[in-house]
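What follows are several structures.
Below, chain A partners chain B and then partners chain C, in two separate complexes.
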Partner chain A sequence: MSLTRILCALTFALLLGAGGAQAQSNQASLELVEPLAEYKLYVAEHTASLVEDTKEFVGAIKDGDVEKAKSLFAPTRRNYEKIEPIAELFADLDVSMDSRADDYEKGEADPNFGGFHRIEYVLWEKNTTEGLDKYADKLLADVIELDSRVSELTFPPEIVVGGAAVLMEEVAATKISGEEDRYSRTDLWDFEANFDGSRKIFELFKPLIDDEAFIAKVESNFADVYEVLADYQTEDGGFVSYEKLTDMDRRVLSAKVNTLAEELSTLRGRLGLG
Partner chain B sequence: MTKDSKKKAGAAQDYGCPYASRRDLLFGLAGAGGAFALRSGGAFAKDAPVSEPQKKTERADETSGRQVADAPSGSGNTRDRVPFYGEHQAGVITPRPATGIVASFDVVARDPEDLEQMFRKLTDRIAFLTQGGKVPQLDPKLPPADSGVLGPVIEPDNLTITVGLGNSLFENRPWLKPHKPKQLVRMPEFPNDALDADRSHGDLSLQFSANLLDTNIHALRDIVKNLPEFLVMRWMQEGDVPVIPPKPDGKTESARNFLGFHDGSANPDSNDAELMEEVIWVDEKDDEPEWAYGGTYQAVRIIRNFVERWDRTPLREQERIIGRKKNNGAPLDGGDRESEVPDYAADPDGKLTPLDAHIRLANPRTEKTRENLMLRRPFNYSNGVTKSGQLDQGLLFIAYQADLDKGFVTVQRRLDGEPLEEYIKPVGGGFFYVLPGVPEPGDYLGRSLIEAASKTSDDKPT
Partner chain C sequence: MPEQQKETAPTSRWVYGGLGAAILLTLAGGAAFYAATQKKGTGEVASDYTVSVSAKSCEPNEMTVPGGKRSFEIVNTSDRPIEWEILDGVMVVAERENIAPGFRQTLTAQLAPGEYEITCGLLSNPRGKLTVTESEEARAAAADVGLRNFLGPLSEYKVYLVLQGARTVAEAEDLATLIGEGDLDAARAKWEVARLPYKRVEPVAYRFSDLENSIDPVADYLAEREGDAGFTGYHRIEYGLFEENSTEGLKPVADQLVADLKTLKTRLAKLKLDPALLISIPAEMARQLAQGKIAKGEDRYAETDLADIAANFEGIRKIAGLLQAVVKPVDPALEAEIEEDIADIGAQLDALKAEDGYPAYSSVDDSDRAALADAFGALADTLDRLNSVIG
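Here is the complex of A and B:
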């Protein structure tokens, strides 16, 4: 898909969609078009990789290759975690692909508990691929559906810009505790992908913000979280088990994530988005 | 860095200052007279220079004899204001209002500069929240500056916020460790304890107390919102105490705990300034670092009460376990008033008050055990239901003393093995050192500690 085509579609969507948006001048809205278009490309790039990686992951499951499936779990998810800031634009797929056992009253015993974490649960807790075929098929179908939707999806600027903060809220509320990837302990992979995804949005819209102190503070907090994560990175670009994270580092991450959530929560307002 | 944090959403420059002007404040200080105010009970009355006329407050009651653990009278209102500035922090010898929270945090601060910034910010928030004022109105496109829980104008509502520091804050920082108060340790696990790691210890404690629970909640949320880069919450416990109007003769009684007994009857007189200096406030008499003068040790214990079992225990047995009459709080050796003092010397074999009764072990009332006095300021808590379907209720025990070993630790050692243990289980809490007060605006909580730490820190010219 060409950048021009996306740009045109977006401009159109913006002009139509932003009709009710307060006293925003079209000029200001137009300023948002370029970063939004770039963001859409970023998302499309990752959904495309997600499809490819998921095919391989699902292939390993169907081959009954537990070890290979385990090794592909975190790298495959990473693509998804990077675009999670806008997950609310495809909430149905998000539930299907990325819900956790806690989202079901019966927990793991609930057959409706599917997606990445069902597969994670069986791979690590049961150490098998048995019974996973239908969940793997569904995951791949969801991923393909997501990828095909993205090109037609309207990206409302307030959702994209707001997504940077929302994701930090989620990390602070339900990830820093290590509950996301509780069976595989690959949480740090997700953290990095989440920070990447959130920072991408910040970087794209940064040129539109003229508050240097704010920019410096956000950048320094991002730098701090990457610095902490670097200590846990493995040679192949992955991460050690979440259990290796020291209490002290968990606290630092938690403080930085909350500070980022607090700071980035002003991003929409700073860009004049309601 | 300082610049960054001030920048926040372009607002709030005057958010932290409750005073119309510095002049108002200085005027007020001169009027009150420092030395007298100190003797009359610390922060109290030392600075009443508030921008609105001060109404009758709990602290005003303090002069008329209210004690820390007296049941709140219910006459408090949202305009009640406890002065923030003073030699000591408020919330220690301040009569306890109806509700309280203890919250414990881990601190993210790598050097004395970080810690100073945290203390300054905390000071600003506490000064504002406890004195009240208008919430700044921001561009509605931005998140609001305040949760709005108390509306657009914050009423002080008798709020005090008391800051304490835990052992781990010092232990984990080589530049701070040499300055640790001598008796500050990680709270040990006493024999009857079953400490839950998720409800124990921490780098910093905040004790909130106010007339209304919402006022505490509002203040806690404000601090969490304004200090995310420094404070990571570990645990919190809410509590309250029953409001009881004074009796016709003007006397008030100690509030009851969830065992149904008066609690705090034998507290030292919080209106006796000399006694408070001796029992509560750390100063030259104590073997403590100079920066700590004006502070005090805080022992927090979350003590679950097995209330179903207690309620199925014969009254006579309950009274012998506690050592008081349940109806009126009087000692078992006679009288019908809570304030009467038991004569243990006349009852050496424990025929009237068993030797292992709670109050007798806790305070044997001998000349020797006078050094074990402490000031208790507890709240009752109710946390819902346990997995077994029993009520999860108990006491948020908070005690203050200048000497932690002679105070809480010694008393608890005497209580170890007491018959009451069958009905109670301490599950959390921690030991903290309450910082000295902030004498005047421009100053900040923890300054004396920061200055001491900066002197020994390599990278820090002050």
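Here is the complex of A and C:
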């Protein structure tokens, strides 16, 4: 797994390095205000849904309903994954909600390992909700705190515009490898949410970009990644286990995601925010 | 802000040991890319500082650097992927994620003087300290107030207008429903809060004079006073609920108010904001309050003026806070003065507040009104000075 990860990270970095060099340098304009404001409204909408969905998720955990809790895990996370470029600005909350066992010296055995992935670990590996109450309470407190901090935050324009590429970078560097949702294998839900979040930013700023060829390329690459995902979608809008992803499709996704990361990394320069 | 990223060939034997042909090819690519940047002389090859992250700690773990654009080469000598972040409190200032074992990446960030924490690999590892000192470069960067500095604040105020605009409509709809049901007490209670989001955005809303005349006219300015056909909106409803003690005949007035507020909401969402407008709005509003509104009051039947003034103040404070962030690096003294003026108004309003909220405005005597008006006047004067600094 770490091999894949290294490869992904390295390939990605090369592409990004090359892409960054091509970025144009324009002047930032007042036209950016509208899409920036729109984006904050988009994020606020998702932090609000995150609070609502987490309440239900936590409720299922406290009821000891393992199956229901499992079924709510991925849909709840989705709200977070869509807005990750902003959510991860709050270092304390990001650690508390979304750190992996690898971030702790003792891995899963470390009691400080909390958040989504601790809950995921216990639900799937232990097949129980036992011992999860305090982690569930903390998660709910964290998402409420996130919602309130987001509403107070003046979004940094560079972070917003750069977020389109950052989301793709996340997928390329840590998600294609399957490390993120390693216990539940719900990785494809996160993929879709990251793609959605990235595409939202692209769509919002697209009218300000005067380069039809670039826009066509990005749109076609987005269409390609969504097409791959569509093959794994279930009838209720969810996704099958990540293990079902064929090697072929994994390679296609990986290539397209890297290309998108490269292309989208030029957005800041194109919009005068380099 | 991270601005570029570059991988150089790994140094760890561990990496060579485990890798197949594919990665060697990729590495060759990496080396070629590295060589290319070297040859092109992009000037970004050498980093200002190098930080090694091992399994347990960072070396160095405490650094002092001059303010400005600084670059850090992060070398991962541990056996896990790591991230390296510069933190200001809980906020991430810049970060490099997913640095694979044995690899190095460069992070470049524009750093303002101050104390920062740095994360260092595993969450349990001790955090490091980054001290950024004053420098010519940092001073020049801070003094350079361009449009870019305003993009965040303008967007944030836009969001505020959109959200408060939506709230004016939602509250007025509730008010119309209660009036329709003939519930006088509930309608009175709702009237008091329904007005607040409008008061928060009043510095912008009053610019749409057609709407203002229909949403918020006071009887004094109308030829026939309360009997005038032009007496509509919030105060017409207030008159019915608090003076005539009835909801009768108010439903059409409330429905019209909802319709007007919907138009207002749309206009607020479409309004083009620019730095000059953002700077002028709070000073103008503060001056209006100082020059008459506070002395006279306008909720003559409900006497809820203090709640109105507090909501106006919230709206002023929202923008002032955004502008403070812009002016602080350039003129910290002016920023501090704005803060003091705001604190003064806040303290006066708090002092007037009783346990169950603001008292009837008739109980606020002339000297209290004058002191409050003076405080808003002082804030307006201070805010005017923003023009020469960041305008």
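Some observations on this one:
The rule is short, and it goes like this: the second predicted complex is superposed on the first by the 244 of 274 C-alpha atoms of A that agree within 3 Å, B and C clash if a C-alpha of one lies under 4 Å from a C-alpha of the other, contacts with A are read in each partner's own complex, and residues count from 1 in each chain.
The rule we apply is simple: contacts are C-beta pairs under 8 Å (C-beta built on N, C-alpha and C of every residue); 3 or more make two chains touch, one makes a residue touch a chain.
These figures come from a predicted structure and were not determined experimentally.
Applying the stated contact rule after C-alpha superposition, one finds that A:L273 touches each of chain B and chain C.
Look at A:E45: by the touch rule set out above, it reaches neither chain B nor chain C. By the touch criterion stated above, A:E145 is placed in contact with neither chain B nor chain C. In the superposition on chain A, contact of A:E108 is made with neither chain B nor chain C.
Look at A:D249: by the touch rule set out above, it reaches neither chain B nor chain C. Once chain A of one complex is fitted onto chain A of the other, the partner contacts of A:V95 are limited to chain C, with no touch recorded for chain B.
Using the contact criterion defined above for the overlaid structures, shared-chain residue A:A216 touches chain B, although it does not reach chain C.
By the touch criterion stated above, A:N258 is placed in contact with chain B alone, chain C being left untouched. Set against each other, chain B and chain C touch different numbers of residues in chain A, with C touching more. 272-274 are the residues of chain A that lie in the contact sets of both chain B and chain C, per the superposition on chain A. Residues of chain C that touch chain A in their complex: 1, 3-7, 15, 18-19, 22-23, 26-27, 29-30, 33, 37, 42, 80-81, 85, 87, 90-92, 97-101, 103, 105, 119, 122-124, 146-148, 151-156, 158-159, 162-163, 272-274, 322, 325. Interface residues of chain A facing chain C in the complex, by the touch rule stated above, are 2-3, 5-7, 9-11, 13-14, 16-18, 20-21, 27-30, 32-34, 36-37, 40-41, 44, 88-93, 95, 99, 102-105, 110, 112, 154-159, 162, 169-170, 173-174, 272-274. Remark: chain A residues 22, 211, 213-214, 216-217, 221, 248, 251-252, 254-256, 258-259, 261-262, 265-266, 268-270, 272-274 touch chain B in the complex.
Those residues of chain B that touch chain A in the shared complex are 3-5, 7, 9, 106, 108, 139, 141-143, 172, 225, 228-232.
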